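Each of the next two complexes has subunit A plus one other chain: subunit B in the first, subunit C in the second.
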Partner chain A sequence: MIITRKALPRRTFLRGMGVAVGLPFMEAMLPAMPQASRAGAKPPVRLMFLYVPNGIDMENWNPSYSGPLTELPRILKPLEPFRNDVLMLSNLTHNWARVLLDGPGDHGRCSANYLTGAHVQKTDRSIHVDGTMSMDQLIASRIGTETRLASLELGMEDPRQSGNCDSGYSCAYTNNLAWKSPTQPMPPLLDPRLVFERLFGAAGDLTPAEREQQRRIRTSILDYVRESTNALSRELGSTDRRKLDEYLTAIRSIETQLEKAAKDQTPVPEGMAKPAGSPADFSDHFKLLTDMVTVAFQADLTRVATFLITREGTSRPYREIGISDGHHPLTHHGGKRDQLAKVTQINEYHLSNFASWVGRLSTIREGSGRLLDNLMLVYGAGLSDGNRHLHDDLPTVIVGRGGGSLQTGRRVIFRRETPFSNLHLSLMDRMGVQVESFGDSSGRLSGLDTV
Partner chain B sequence: MNDEVGASMPRAKAFDSAANKYPHYIGFLGPEVPSAPPASRSQILICDPASGRACVQRIVSNLARRAWRRPAKPGEVASLIKLVDRTQQEGMDAPHGIQTALTAILVSPDFLFRIERDAEPRNATATHRISDIELASRLSYFLWSSMPDDELLSLAETSRLSNATVLDAQITRMLADPRASAMAENFAGQWLETRNLDSVKPDPERFPEWNTELKEAMRTETRMFFDSILRENRPIAEFLTARYTFLNESLARFYGIDDVKGSEFRRVELSKAERGGLLSQASVLTVSSYPTRTSVVLRGRYVLENILGSPPPPPPANVPPLDEETTGVAQSLRQQMEQHRANPACAACHSKMDPLGFALENYDAIGKWRTMDGKFAIDTSGSLPDGTRFNGPADLRQALATRLPQFAEALTRKMLVYALGRGLESYDRRSVNSILSNWEKKDYRFQALVFEIAHSLPFQSRRGEP
Partner chain C sequence: MQARGATLAPGILFDSDMGRNIDAALALSMLYGLGRGRVIGVAVNSSSLEAASFCDVLARFYGSGGGLPFGLAEDGPKLGDAAMLSVPLALRDSAGQPVFRTTIRSAIDTADPPVLFRNALLTQQEKQAIAVLAGPATNLAHLLALNGGRDIVAAKVQLLVMAAGAFDGTQDPRIQADTASARKVLAEWPSPIVVVGTEAARAVPYSDQTIESDLSTVPNHPVVAAYRAFRGDKQSAGTSGVPVQGVLAALFASNSNAEYLKLSRPGQIEVTGDGRTTFKESPAGTHRYLVIDPAEKERISDAFIKMSAVRPAAGGRGARN
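Moving on, here comes the complex of A and B:
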C-alpha cells in the first residue's frame, strides 16, 4: 500500500514509524492531567535545579538595586512578566570550587561541587566527591518513596565521555550534577522518549493484566540477579565489590519502582504521545524535556529534578542564534567586547528558553492556586565570571513560591562569601528534609520567607 | 537526500529551490511481515524447547556460556531453568520461558562485568596469573572489543591458551579476522581522538565544504590507514611519515589530488609534500581545532600528548587569556603567540607546544591546505625542545621520525592502557621498558607490539585488593 496525502492521526504515525520528529505535546491535553493535589490536601513542594555552564555575563545579570524587582537586566529580561514569582539571590559562594591546593580545573570542580557543597577529588580514574551525596539525592533518599520516581535527572549533552575533561578532573565531574554517593553520579537522561518511558513505563500499550504478568516475571528475574550478585560479591576485592554494591542498589531501586508501579496506576495522560527522540534544535529539545518535567510535577511522579542544560567546558556553538564559536572558548573573551557580546547572547538565549517554560507553567492551576506556587525552580551557574573562573556571587534565581515559603518578587543580597550550601539547607527544609548541616554550610539563609 | 544540506547552507539559501532540494512527498510501503523467523532465533533455540527438559538445559547452558564467556556451573543452570518454569506457570509457552532466562543472563553481573577472580581477593601482595578463561576474554576484548569466539573459549576451557605457541597462533588468527577492525575503530578512535569528529562542529559559514559526507570520509581515511598498518604489520614510523593514504574522490578533491574517481576508498600514493602521515590527515587536524579557527596550542598539545607522550601540564590558574581572536585581522597568529610567550609564566609550556602547532598552520581548521591566514602569509618555522629546526609539516614529520623511540613509548603506553582497561602506575614502568626493548628488536613493527602486550606481565596477571 502506498499512502498518499492521507491524513493520519499523529499518534498512529509516530507509533507506526518509530521515527519522525519529537513534537511538543502539552497544551491540548493539560485539562486531562491527574493532579498532584487530592481534594483538600496541601500540594507538595517540588524542587528543580537548572544549571548552565561557563558562567554568566554578570554585568548584564545583576540589577543595580536590591529589594523589590522592577526592571530586570538584559539577560533576565525574559523573566520580567513573571518577576513577582522570581527570587534573586546574590553573593552566594562555593568555596570548594576554588583552586585552594588543587590547581587548575575550575570547570571540573564547580559542577561536581554545585549540589554537593563538597571537595572534589582531583582524579580522572577513581572519581570521588567528598561528603555523602548531592542535596537532590539526599532529598530523594528521604521523600522519594512517596512518588513513583525518587528523582529525575535531565540533560541536553551526551554524557558518554570518559577520561579527563578538565585539567585532570574526570569527565564524570562535568557530565553529572546529581551524586547518589561519593563515587556514583546519576547520569542525566537526554532523550525525551526515555524520559517518557521512565515516567510512564516502556509498556504503556499493554493491558493492566499483561502488565501485571510482566511485573511478576521481572520480579523473579531481579530475585535471581540479586542472589547471584550477592554470591559473587563475597569473592571480590574492594573496588569490584563497590561496583557490585552500586549494581545491587540499582536493582533494589528498580524493584521499588516495580512495586510502586503496581500500586500507583497513573495512566499515560490522554492525548500524550511518546516523543520519538531528541530534536537537534536547542529550543525544541529544551521544550520537550521541560514539558516532561511539567507532567512529572503535575502528576506528582517525582518531587525533585536536576537539569544539566549543557555541561561545564562545553564548546557547543549556538547556530540557533547565529553563533558559530564554541561557548567555552567565547567565555574566555579576555575583555573583548564583541566576544563578550556573544556570551551575553547565549546567556539570554538560555534564559528565554527557561522563561517560556515558566510562561507555560504559569497558566497551570493546582488546588486552589497555581502549580508555580508550589515549585522552586533554581536556575543558575557554578561560575559567575567564566572568563576569570570566579566562584563567588554565583548567579542564582529561584522561580516559584515554594508552597508559600518564599517571598518572591525581590532580590536579596547576602553578606559576601555566604556559602551556597546554606541555600541547600534552606531548600531542603522546604522539602521537608531537615539536616544539621550540608557540605560547607555555616547555617541557613535568613530572609527567604520574609522581607 | 542529504539532510545536512540545510544545516551547512547559509540560512537565506536553505529554502531556495534552485540551491536546495526538498521532497515533494514521501511515501511508505509496508509493514511487511517477515516470512521466516530471524536467524538469531535459531541460534538461540538450538533445539525445540517444548521437547522437554534436556533441550531447555542445552539452550540455557549454551546461552550462559556465550554471554558469560565461561562455562555455566550446574547450580547456575538450575536457577535459570527455574525461571523458564516460572514463566510457563504464567501460562506462557516454552520460547517465552527461554526469553525470561535470556533476560536474566543478560542482566546478570556475569554478563555486564568482566569478572576476574582472585584466590585471595583481599590480598594485594599475592600477584598471580589469570586463568585461561580470563585470558581469553582479555584477549578478545583487546583485539575484537567483543567476547571470545568458540575456538578461543574452547582452547581456554581445556587450559591450552596460556601455552605461548598456542597464544601466538591465536593472536595471529585474531588479527587476521575481520573483527580486529575494532582496533581501528576503538583504540585508534580514542588514541587519535577521531571520536570527537562528531562533536567538533566546524562553522559552516567559514567552512562551507564541511558536511557529513566529508566528515565520514575523514574518519574512514584514518581508520583505514591505521587498519592497514596493523594488518600489514608495517613499522610504526609510517604513522608519521607514510607516503600513502586512503582516499575517495571527495576527500582527494578536498586534498587537491585529482586522479581519484568514485566514492570507493583506495590506497593512494602521495606525490606532493603537502600530505603524508597522520598529522596531515584532515580528521586529526579537525579534532585539534576550534569550530571557527585553528589553534597552535591545541595542535601542539595533540602532538605532545599523542605522538611524543609528554603532555604539557594544565595551564596555571588565572593566566592572562590568550588573544587568538583577532588573528589574521590585526596581527598574525604568530605575532600574538610570540607576545604571549614573552610572559615567562606561559613560556615554559608554550615554547614546547606552539612550535609544533605552527608547523601545522598550513592546514586550516578542517585540514585544508592553505598558505595564507586572513591577510597574513603562513610562517611554519619552528624547533623541537631539543633545538631540531623545521619549517612546515614535511619537516615536522622528519623531525618527529627521529624521535621514534619516544613515539614507540607513547604508543606502547596508550595501547597498554587500552588492553588493560586501567591507567598505568609507577610499578608498570618495568613492564613498559621490557616491552619496548623487545619491540625495538622487531623494528617497531606494529603487530609485534600487540604480541608483546599480550605476553606482558600486567596483561597476564592480577592481584587482590584490600
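Moving on, here comes the complex of A and C:
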C-alpha cells in the first residue's frame, strides 16, 4: 500500500492472501482542507430493514401519545436509553397485503409485499411480485456501484425457496424480503461464515477449494493483512490509529464468535431449522450477524441491507426464553391472555436483541459524530395484529438520524391508510435515490424531518 | 370481501359534500339501507371532521361500520357551521352520553380520499363497482391522478353517477366549486357516466312527510335529527321541499334498470368556462343524463320512500336508544 500526503481514499482496503478488509471512515480520509470546510464532507447514509414475522402485540407496542417520546411501552422498553434516536411511525398500511380478492395467505403476501409495495401473485410455483423490484434493490441498482457490495441480505432461518409455505403462497414469498425483479428474490444469507467471506473475501470470489484452504490455515483474517495494516498504521494520527484498533478488534471478535459457532454442538430445538455454521442460540446468532453489519457499515462495504430475522409465518419456538410453543400458532391466540403474553415475550425478546445492537452502535464514532447519526435502521413487521392478520398501522420504528434528515425522539401518527410505500419513497430520497412513485405510494411522508 | 369470480351486487363508492345540504345524508342513508357490504368506501370533499363523523354515525346506525375508515379532504374547503351535522352529533342521552357514537376524533382517524377509494376498489371484481358523486369532483379527480388510480378505476368501476351539473342552462354550485376537477373527471373517467342535474332534482323534491312519517318510525334515526336541524335553518328562510340530486343518483346507482328512470341519448358532457354543463349528443359518447318523465314522478317518489324507510339490519342501530 502506498500512502501519500493526500487524503486516504474512502475505498482503501487492507489486502493480503485473498482477502480485502475495508476501512471505517477516518479523519485521514477527509480532504486536506481547513477544519470548517471538512464539516461538509459527510459520511454516507446507510439503510437497513429488520423484519420480524407474525405481527406484534400492538397493545404493548403503541404508546398512548404522539409527539416527543417519553415513557416507552413494554415491548419498546429496551430502546429507552436510545429513545432520542428513535422515530416511531404509526398508521402506515400495506393494502396489497390484504385479502382483497385472493383469500387466505396473509403471511405469504405481507413479507413479499413489504419492500415491494406490490401485489403478490398467489402461487407456489411460478412466483411473481407485480412490481419492478424491492426498494432496497432499487437503491442498490442506483448507488450500489459506490460500495463493494451493492446490498446485503441476511436472515436467521429456513432457506427454502420453493414449496407451499402459506395457503398456496410459495416459500419464496415468506422467506425473502429483497426482490431483484418480479420473479427473482435475493435469498438472505443465513450462514454467518458466508456473510464474513462475502464481506472480507477477495474481490474475485474464491473457489470452494481456496476457501477450504484458507479456512484450514487461518488463525485470523487480520494475520493476512498484517503487513498492510502496519503500513497504514504508521501513517495515521493517534485518533485514527485508535479507531483502526477498535475496528480490527471488532473483526477479531466476529471471528471468535464464528469459531465458537462452528464448534457449537447444541441440539437444535424442535421446529427450528438451524443454518449450517450458525450459533444455535438466537441471541448469539443475532449478535454475530449484526456485528458483521456494523463492520460493513463502518467500512462502507454496503449502504443497504435487509434482515429477515425469522421468516414470515414461522412456527419457531423460543426455548431461549422458556417458550416451547411455536411463534405463529401463539399469535392466533383468539384473545387468550396466556398465549398473548407469550407473544408479547417473543416481541420483547426480538426487540431486546435489536436494542443491544443499537447500544453497541451508539458508541461508535464516525466523522464528527456517531455512526448511528448516519444510519436508518427500520425495525418492523408486515402485520400489526397477527391474530386478525391486519395490515394497517404496521409497527414501525426507525433508529438512527439518517445523516440529520430525520427528527428523532418522537412518534408521528399518519392518517389511516397512508401507504407504507410512502415511507419507501421518503427513505429512498434520503439515500439519494429519487423516484416519482413506488409500489402503491401516494406521495412522500411529510414531517419526518420537522417537528 | 368478494371472492374472485363470485357474482355479487355492485360495491358502491360514495363521495359527497356532506353537511352542505341534507341531500348527501339522505343519499348515503339510502345506500347503507341496501345492506351490509354494499357501500365500500365513503369520503367527504370538505375538511370538516363533523362531516366525516356523521358518515361514521350513519354507517354504525346501519350496522356497516368497522371496515375502511372514512375519507376526509384535509386540504378541502371548510364547511362552517352546519347544523345538520353539529346538532345530531351534540345530542346526549339521559346519562349524558352521545346519542350517536363516532370514533373520529381528529384527521388521523380518517383517510386521504383517493387512497381510500383506490383501496376500496381493489376489494372488487372487475367492473363490479359503482361510484356515486354528490358534491364537487375534487376527490375523484385526485383518484384519477393517483399513482395507478386511473387503471384501477378502469378495471373496477362499471358506472359513475354524478349528482352534479344542470341541463337547463343554469349553474350548479357543485360544479362551480371545482370546475377543473369536474372537467377532468368528465374528460378522463374511464367508465360510462350518468349525470343527475339540478333540474331533475327540482322535478322530484323530497318531502318532509317522508321524513316525518316513515323515517321517524325508527327511534333516534340520525337522518331525522339531521333533517330537522337542516329544515330548522331553511324554514326560516321560507323555502319548501328539498331538491335531492344525490338521492336520485343513489336511486339510479342501486337500480339502474328501473324503467321509471329515463336517460338521455349517449353523448359528451363538458363544463364551460363559467361552470355550466353542456351536452352534445354522440352515438359513441359514454355520457348520459337523467331525464325525469313527468308521468313517472310518483313512482320515483315512492321509490325514495321505499329506500329511505329501510330499517337498520340487526347489529346496526349505532345510536344509544
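Just so it is clear, the second predicted complex is superposed on the first by the 335 of 451 C-alpha atoms of A that agree within 3 Å, B and C clash if a C-alpha of one lies under 4 Å from a C-alpha of the other, contacts with A are read in each partner's own complex, and residues count from 1 in each chain.
Methods note: contacts are C-beta pairs under 8 Å (C-beta built on N, C-alpha and C of every residue); 3 or more make two chains touch, one makes a residue touch a chain.
Given the structure is predicted, the values throughout are model-derived calculations rather than measurements.
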Partner chain(s) touched by A:Leu101 [first = subunit B, second = subunit C, both, neither]: second
Which of subunit B and subunit C A:Ile364 touches, first, second, both or neither: neither
Partner chain(s) touched by A:Val225 [first = subunit B, second = subunit C, both, neither]: first
First, second, both or neither for A:Ile413, with subunit B first and subunit C second: second
Partner chain(s) touched by A:Ile321 [first = subunit B, second = subunit C, both, neither]: neither
Greater subunit A contact set [subunit C / subunit B]: B
Touched partner set for A:Asn91, first subunit B, second subunit C, both or neither: second
Subunit B versus subunit C as contact partner of A:Ser441, first or second or both or neither: second
Subunit B versus subunit C as contact partner of A:Asn387, first or second or both or neither: first
Touched partner set for A:Pro329, first subunit B, second subunit C, both or neither: first
Contact residues of subunit A, present in both the subunit B and the subunit C interface: 99, 103
Subunit A to subunit B touching residues, read off their complex: 1-5, 16-17, 99, 103-106, 124-125, 167-168, 213, 216-217, 220-221, 224-225, 227-229, 232, 235-240, 243-244, 247, 315-317, 319, 324-326, 329, 332-334, 336, 339, 387-389
List of subunit B residues in touch with subunit A within their complex: 7, 25, 27-29, 31, 76, 79-80, 82-83, 86-87, 90, 100, 103-104, 107-110, 112-113, 115, 117-118, 121-122, 124, 199-201, 203-206, 290-292, 314-318, 320-323, 325, 422-423, 464-466
Of all residues in subunit C, those that touch subunit A in their complex: 1-4, 68-69, 74, 107-112, 114-116, 118-119, 122-123, 125, 146-148
Complex interface listing, subunit A residues touching subunit C: 91, 93, 95-96, 98-103, 413-419, 437, 440-442
